[in-house]
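Let me give you the structure first, and then I'll get to my questions.
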Amino acid sequence: MVTIHTTSGKRGALTVDFPQQEQDLITGQKPSDHCAVVGVISNEQAYGYLVSSLKSLQHRGQESAGIAAYDGSMMKLKKGMGLVSDVFNEKENPISGNVGIGHTRYSTMGTKTLENAGPFVVSSASGYLAISHNGEITNAEQLSEELKKRGATFSTSSDTEVMLMELSKEIAENGVANGMKIAMSKLKGAYSAAFMIDDRLFAIRDPMGIRPLILGKTGNTYVVASESCVMDVLGGETIRDVLPGEVVEITPIGPKRILIASSRVEAHCMFEYVYFARPDSIIDNIEVFETRIKLGRVLADESMVEADVVIPVPDSGRAQALGYSQRSGIVYSEGLIKNRYSGRTFIMPSQVQRTASIKMKLNAIRSVVEGKRIILVDDSIVRGNTMRHIVMLLRKAGATEVHVRIGSPEIIAPCYFGVDMKTKDQFIARGKTNQEITEEIGADSLAYISIDGLVKSIGMPKQNLCLSCLTGEYPVNIPGEKYLYQKDLTNY
Amino acid sequence: MVTIHTTSGKRGALTVDFPQQEQDLITGQKPSDHCAVVGVISNEQAYGYLVSSLKSLQHRGQESAGIAAYDGSMMKLKKGMGLVSDVFNEKENPISGNVGIGHTRYSTMGTKTLENAGPFVVSSASGYLAISHNGEITNAEQLSEELKKRGATFSTSSDTEVMLMELSKEIAENGVANGMKIAMSKLKGAYSAAFMIDDRLFAIRDPMGIRPLILGKTGNTYVVASESCVMDVLGGETIRDVLPGEVVEITPIGPKRILIASSRVEAHCMFEYVYFARPDSIIDNIEVFETRIKLGRVLADESMVEADVVIPVPDSGRAQALGYSQRSGIVYSEGLIKNRYSGRTFIMPSQVQRTASIKMKLNAIRSVVEGKRIILVDDSIVRGNTMRHIVMLLRKAGATEVHVRIGSPEIIAPCYFGVDMKTKDQFIARGKTNQEITEEIGADSLAYISIDGLVKSIGMPKQNLCLSCLTGEYPVNIPGEKYLYQKDLTNY
Amino acid sequence: MVTIHTTSGKRGALTVDFPQQEQDLITGQKPSDHCAVVGVISNEQAYGYLVSSLKSLQHRGQESAGIAAYDGSMMKLKKGMGLVSDVFNEKENPISGNVGIGHTRYSTMGTKTLENAGPFVVSSASGYLAISHNGEITNAEQLSEELKKRGATFSTSSDTEVMLMELSKEIAENGVANGMKIAMSKLKGAYSAAFMIDDRLFAIRDPMGIRPLILGKTGNTYVVASESCVMDVLGGETIRDVLPGEVVEITPIGPKRILIASSRVEAHCMFEYVYFARPDSIIDNIEVFETRIKLGRVLADESMVEADVVIPVPDSGRAQALGYSQRSGIVYSEGLIKNRYSGRTFIMPSQVQRTASIKMKLNAIRSVVEGKRIILVDDSIVRGNTMRHIVMLLRKAGATEVHVRIGSPEIIAPCYFGVDMKTKDQFIARGKTNQEITEEIGADSLAYISIDGLVKSIGMPKQNLCLSCLTGEYPVNIPGEKYLYQKDLTNY
Amino acid sequence: MVTIHTTSGKRGALTVDFPQQEQDLITGQKPSDHCAVVGVISNEQAYGYLVSSLKSLQHRGQESAGIAAYDGSMMKLKKGMGLVSDVFNEKENPISGNVGIGHTRYSTMGTKTLENAGPFVVSSASGYLAISHNGEITNAEQLSEELKKRGATFSTSSDTEVMLMELSKEIAENGVANGMKIAMSKLKGAYSAAFMIDDRLFAIRDPMGIRPLILGKTGNTYVVASESCVMDVLGGETIRDVLPGEVVEITPIGPKRILIASSRVEAHCMFEYVYFARPDSIIDNIEVFETRIKLGRVLADESMVEADVVIPVPDSGRAQALGYSQRSGIVYSEGLIKNRYSGRTFIMPSQVQRTASIKMKLNAIRSVVEGKRIILVDDSIVRGNTMRHIVMLLRKAGATEVHVRIGSPEIIAPCYFGVDMKTKDQFIARGKTNQEITEEIGADSLAYISIDGLVKSIGMPKQNLCLSCLTGEYPVNIPGEKYLYQKDLTNY
């Protein structure tokens, strides 16, 4: 817990609790990944709103959860490993305050630390600063070196700490609005953030709008959150998306624009529509579930095949499979049962070892599959291991043909903007022909939706989408990667 | 952990670990409820098979998990609160032995104790006895009083302990086969059990076959389990169901019938097909998923209504909704998003209190629902609270009509055979007209499948099914309840 | 937690909580060892008295702690691993009831299980029975075999469970007083116990009075406990010792003798005076601290040596060293510092390995020791390892001579009555001359008090003491050991 | 765990683990208090040495423990609540590195946070900096405001973080030696610290030498620690005390002076000799145990009284009581038994409430006390509550007279240099006559040693001791307090 006094004459009273057991650490890990951010300002206690909001965004990060709140004289912080319901439950004392921010972080398998867990809080010359961040600062290393030369010290390797230090420095030197503007001109990459200066709450979105960020209200309580589903859960309503490059101050009487950075390009992450976002969210005015249905329909248009039944990979492929079934007229059915309690498989006697690990998580329904030609639909393929196992599972259950259809194009390049896909070798589609991939997963046929089909389904101009993991061309200048706007844009 | 030496001259060395914190207890709680049982005999270590099997049956009980195994000289027992993956994971030492049994138990909200957690183990004159039990002994209280009068003492209120004591007594006095036969003639109610006498493994099913129990093998490993999906997960195959009234000894070379009790009636629980069992299981030769599709089709036949879309309550109503859609020709879609991370709701600011608790778990997809006439399908209604909230949720998302269709008949009477429905007041359908229930849940129309439609969908003779929660007539004589076979049957 | 209903028509509702992690088990472990027992009957809640009493007796057992209490309708039990303050603290709900018993158990290094943790509770034909036991039933194995043949089953290897089953059986068949009498005629060995039948509380002491048991009161609350220091801590007063062979019922208006078994010999454990009991306790009317001072004086008389300073091994040798100093006129000083926080030593770089493990726990004060002839006094030597290290420590700190003086005679034989000394090979004094032992511990001289000196210091007739660990002659017939009363006594 | 890469082009990878449960926080708490510091540089792994050293210094702080080590490319940090053996044990992975520092912190009742838990680690322009600190920076607030104005941010309210930031700033701007010198000229108050810059290890002691700090070696391993007992435990030897105002770099071949700050006064804390330090330590060449014996002797000289027995308050008063007994010729005896397992008292039935809480921790031995005139000796009295209870305890056990003798003068003023005595109201001796205090504690007489007697016993020039808690005159200028060197000294 962090307690920070506002009385200007006092140093911040920040208390953090360390657990008894250190954790394994993957050295050099890039800490930024999928996250959820939320901010609340209310005439009631913010805590209940923050916890409810974070639970609604739990799909964006299950590794850690944290809340910082300001109660008029103190800034308090609590964060912990695990689900929101592990860290914030009825056994825990609520954190008081009418203004607060929250954060959840994605669980990268194998690293179980609070590195990059949000929010981050410091005391500074401008008061107490707190930030929750979703995205990835691509020039964090360079900025941290510059800040160190000016006397700064860092306690973590997190790019969020760099963002906070940069904001702290510029705000101290240039005031709130100008300071944020200058800091944003230095920060490259993706960032959607909820930010506090003592009792003031801000929403900040990078000039390309890579990650989502949305404003809403419920009663007299104003909310900023990663996704619109939060507003539904709180029984409230969406106001509008934070615009690319915009800083909004969220005051007790509503949001107020502080600045909007000039940006000549937008680069909304297409993967939010394909996979990340909750199906019931609306991002930049586009409905996620409807988009996924459309992806299935376009996929049927592009790669029709004769078959007896369309089966989704649960739970990720359902909407796309429904769309495919609707367009193709081929009957839709559940055909794979997901065991939600499997946990990590670890002990297997010799003879069951090969089959049981995947069967523990998925099993085919023989009565649906046996003797049938199957169209198996999923949202995406990254490594391909699971897909190979599922195809095998269906064949063992008696499927005569298995045609795999994927509601996104081939992923072939790393993401530097907040998705946990960094290693080029990991992509099954990189440098392989369709036939090679088809053989690798053991399917009778395999089709991905085309990039144009994806863009059409989303319904946004192609130049406004970040497609870099599909094309290898990046909207931000990444050393060693191809830059999309080499000539055209000075700033990006 | 329980360690029991087989050397006959020694007392059992049974060690149990108690946690530091006592748990709340609901006095007089009937401890028997949904459970999973499994037994394994192998030429390899049984532990891996037992853990994998229990994980596959986790849906039958998430409160506690336990394993007992015999390694040639000792009987060991470990049980704990939580999921199988909480109690048995890579941090824990495996329990050695080629023969073993396992158990999971259902989590009744509010009671978090190991009461009735299995397996139970004791040392006796016949050696070391261990049992995992699914079901409910209806005359446990009477039997325990009789056993106490003969000198027995009890450490728990569990009917499983009574069953074990009864088996212990009769086996000691009459030998294994005769002892089991006599014990079974005294035990009334539902019991499907895996039972060990030192290194011998038995499967026991009550004469009415109320709860499922099935035999299978994988390689040279023989398995008894509550459901057939275990055999799929282990990469093996089903041999056959244990018959009503049968005791099978499972030897290293396969199952061998010890006895089969004469029974003039069968009473298979219809709720296993409707709700309990995993969709990919086959119980008493009837496929569960296919049965649920049929329930949806019959439901469409019986209570067709004009509408725009068929939506399931996730995850319980999917198969029935698919069947309804197939028969009715009305398009099927997901329309409700389930938040798998909601945890227990506990803190709600005043104005969101009423709506958020259900919205935390379910949210409607506006693009699917808005302006549509909805057919909402679920497997069953017990109390009706959730259904009322879902209907409200759909209306708020813009549904113009909501027609509720339920894949089982009205539940109006308690279950005494292992389902956690004991209080008559809890049933929304008890003593109400269809119109009253419809109004209570706020739907435009409500239809349950008929009992005959249910029976037809399952495809088993009506007299072989236990329908007592639908009719109030019981196949076992329960004091204060109507007995189905008053005149006809001496034994039952 | 164990909850047992008294309503006769109901089975006991006993719930026990198992922890998530099994514990290592030393097979065949004899579970009986040093323990504390306490029982309370009050017109107030018994819980506070029980917890305070157990804390006062924590020196008799630090492995586990437990309490059972009866509140008029239910028997409840809670036990856990660790100190009394770990299991019963302000975070835990108190256990209600005006009558209750408590237990602590000794921590044998390496076994961390609740085996033999008390109290034990069962429901029986006579009602709910609960027992806390200190001692060791020497014929437990034989009795358990006999009870099994009569239908009993056992859940643990504890002799306390056998004692409880024997009491249960005889009380059910012969009533309370006669049943206890018969049971006591069958139970051999050492037992001081607090016993409950529903709301009735009894104190039971074996006919030889091997372990202590004492009655007291504070206000209107009556107490039975292992030691009199409990009465001091509760602000109350001692009434009297429970007599050898006596059963006392402790009623709300005071203790009442139920029976006293005829016994021709007493055999009070001398080690209670030497080491076990708290110095401020009075056992069988003999003050423990004063006895230890006398041991030191007699030791000085018997084995005077010229020296500069008398140093105790802290904390065990202080009283004896004071007595030695008083009689010898040689100055007394602390000379060894005990580190109470050392914990288990585990990681040691190569060069510090040999010295640090003992130095972590004890360090010599150079200014006291350097250039001095030391008389080092302790209460007893069992294995001798620690003593060898301490002598080395003193020499390294500059002691010119180290004379070891021990306030008890040579221990050469196992204890079968509740002390954790079972293996004959472990005793440094067994089969060795004084010179051999002296060399082994590296001292300049070594003297034990004589058996007669011990008896004189205690001030009790020699035939009333159990000296079997010093003589190898046992007051109870132990197979394979020499029986003290071979001819004289039929019963013992 | 904190992992920091040294490669200059990289930001530090620091990972901290937060526990799941926030802790209560006493707002405005002054975090500096008794602590232990240790630093090790070795050709072996430092971890084992660090853990052993911290365990030896556990008496200086039981709230938290931490270790930072550098393994050639990374700086790692682990800290946790609890004893050293809770945080660093065989279940935890060791922290690799040949150079490292460690810290333990005092447990202030009621605050259980890691606030001020050491070590602190940051990455900076100069590399990775780590510090363990014992003492209290009296101008931390002023320094932190200045640093904030220059762009620094703070994560805690700890004065150790301020000290680290100050060192970081000055070293970055002025190099290691000059930077430290400048930082030390700004830091006021007490600080004995182990400090690392990447793989370089330094010992820093404030110019007055308020807290102890000592150098030693064992084999080729060099050690800096708060007390000399560490060297004994490691089987090594003391080299020398770090001098007041000195900075020593501890290299793999031994300690090397970096600088020594000019200081016109020394102010060694007299309470280290009286109470804090382990009796077997030697501080600034003065033996602690011998000093305490002398305190007892001088006390006897100053305030002799006729009596039958001298009894120490265990464990704090033993040496002083021995000295008193030796000088007075009055027999010494243990007379109070300390219950080491009492834990916090919490539940007390009405009638035992008043007496039991103290009796739970201490009980008088009646045979020693009854009918006797007692001289009760302790090291110090702060609040007086415990002493009042002990006197009462002795009287109830039959003491005819109780004469209290204290081995330190009256404490009447707060400590600002690292002792947890801040509130003036808490001192029983403040503003009271001897007679008033004597009555308050219920003694027959009460005598403290005189300040001159104290100084004589320690044997150091009076002007070299910090006696401010006895006199209210401070060697450092504390706003609102009387400054000892008002005129004489510019710097202090």
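Labels for the chains are A, B, C and D, by order of writing; each one numbers its residues from 1.
As a working rule, a residue touches a chain if its C-beta (ideal position, glycine included) is under 8 Å from a C-beta of that chain, and two chains touch if they have at least 3 such contacts.
This is a predicted model, so every value here is computed, not measured.
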On the document's contact criterion, could you list the chains that touch chain A and likewise touch chain D?
none
In angstrom, rounded to a whole number, how far apart do the mean CA points of chain C and chain D lie?
38
Length of the line joining the C-alpha centres of chain A and chain C, rounded to whole Å
61
Expected list for chain D, residues touching two or more other chains, is none
Based on which chains are in contact, what kind of graph results: line, ring, star, complete or other?
ring
List the residues on chain A that touch chain B in their complex, please.
42, 44-45, 47-49, 51-52, 55-56, 58-59, 62, 83-85, 89-90, 94, 218-219, 221, 229, 232-236, 278-280, 287, 289-290, 293, 318-319, 322, 326, 331-334, 337, 339-352, 354-356, 359-360, 363-368
Complex contacts: residues of chain C adjacent to chain B
1-5, 9-23, 25, 27-29, 66, 74, 78-82, 86-87, 91-93, 95, 113-115, 117, 121-125, 129, 140-141, 144-145, 148-157, 162, 164-165, 168-169, 172
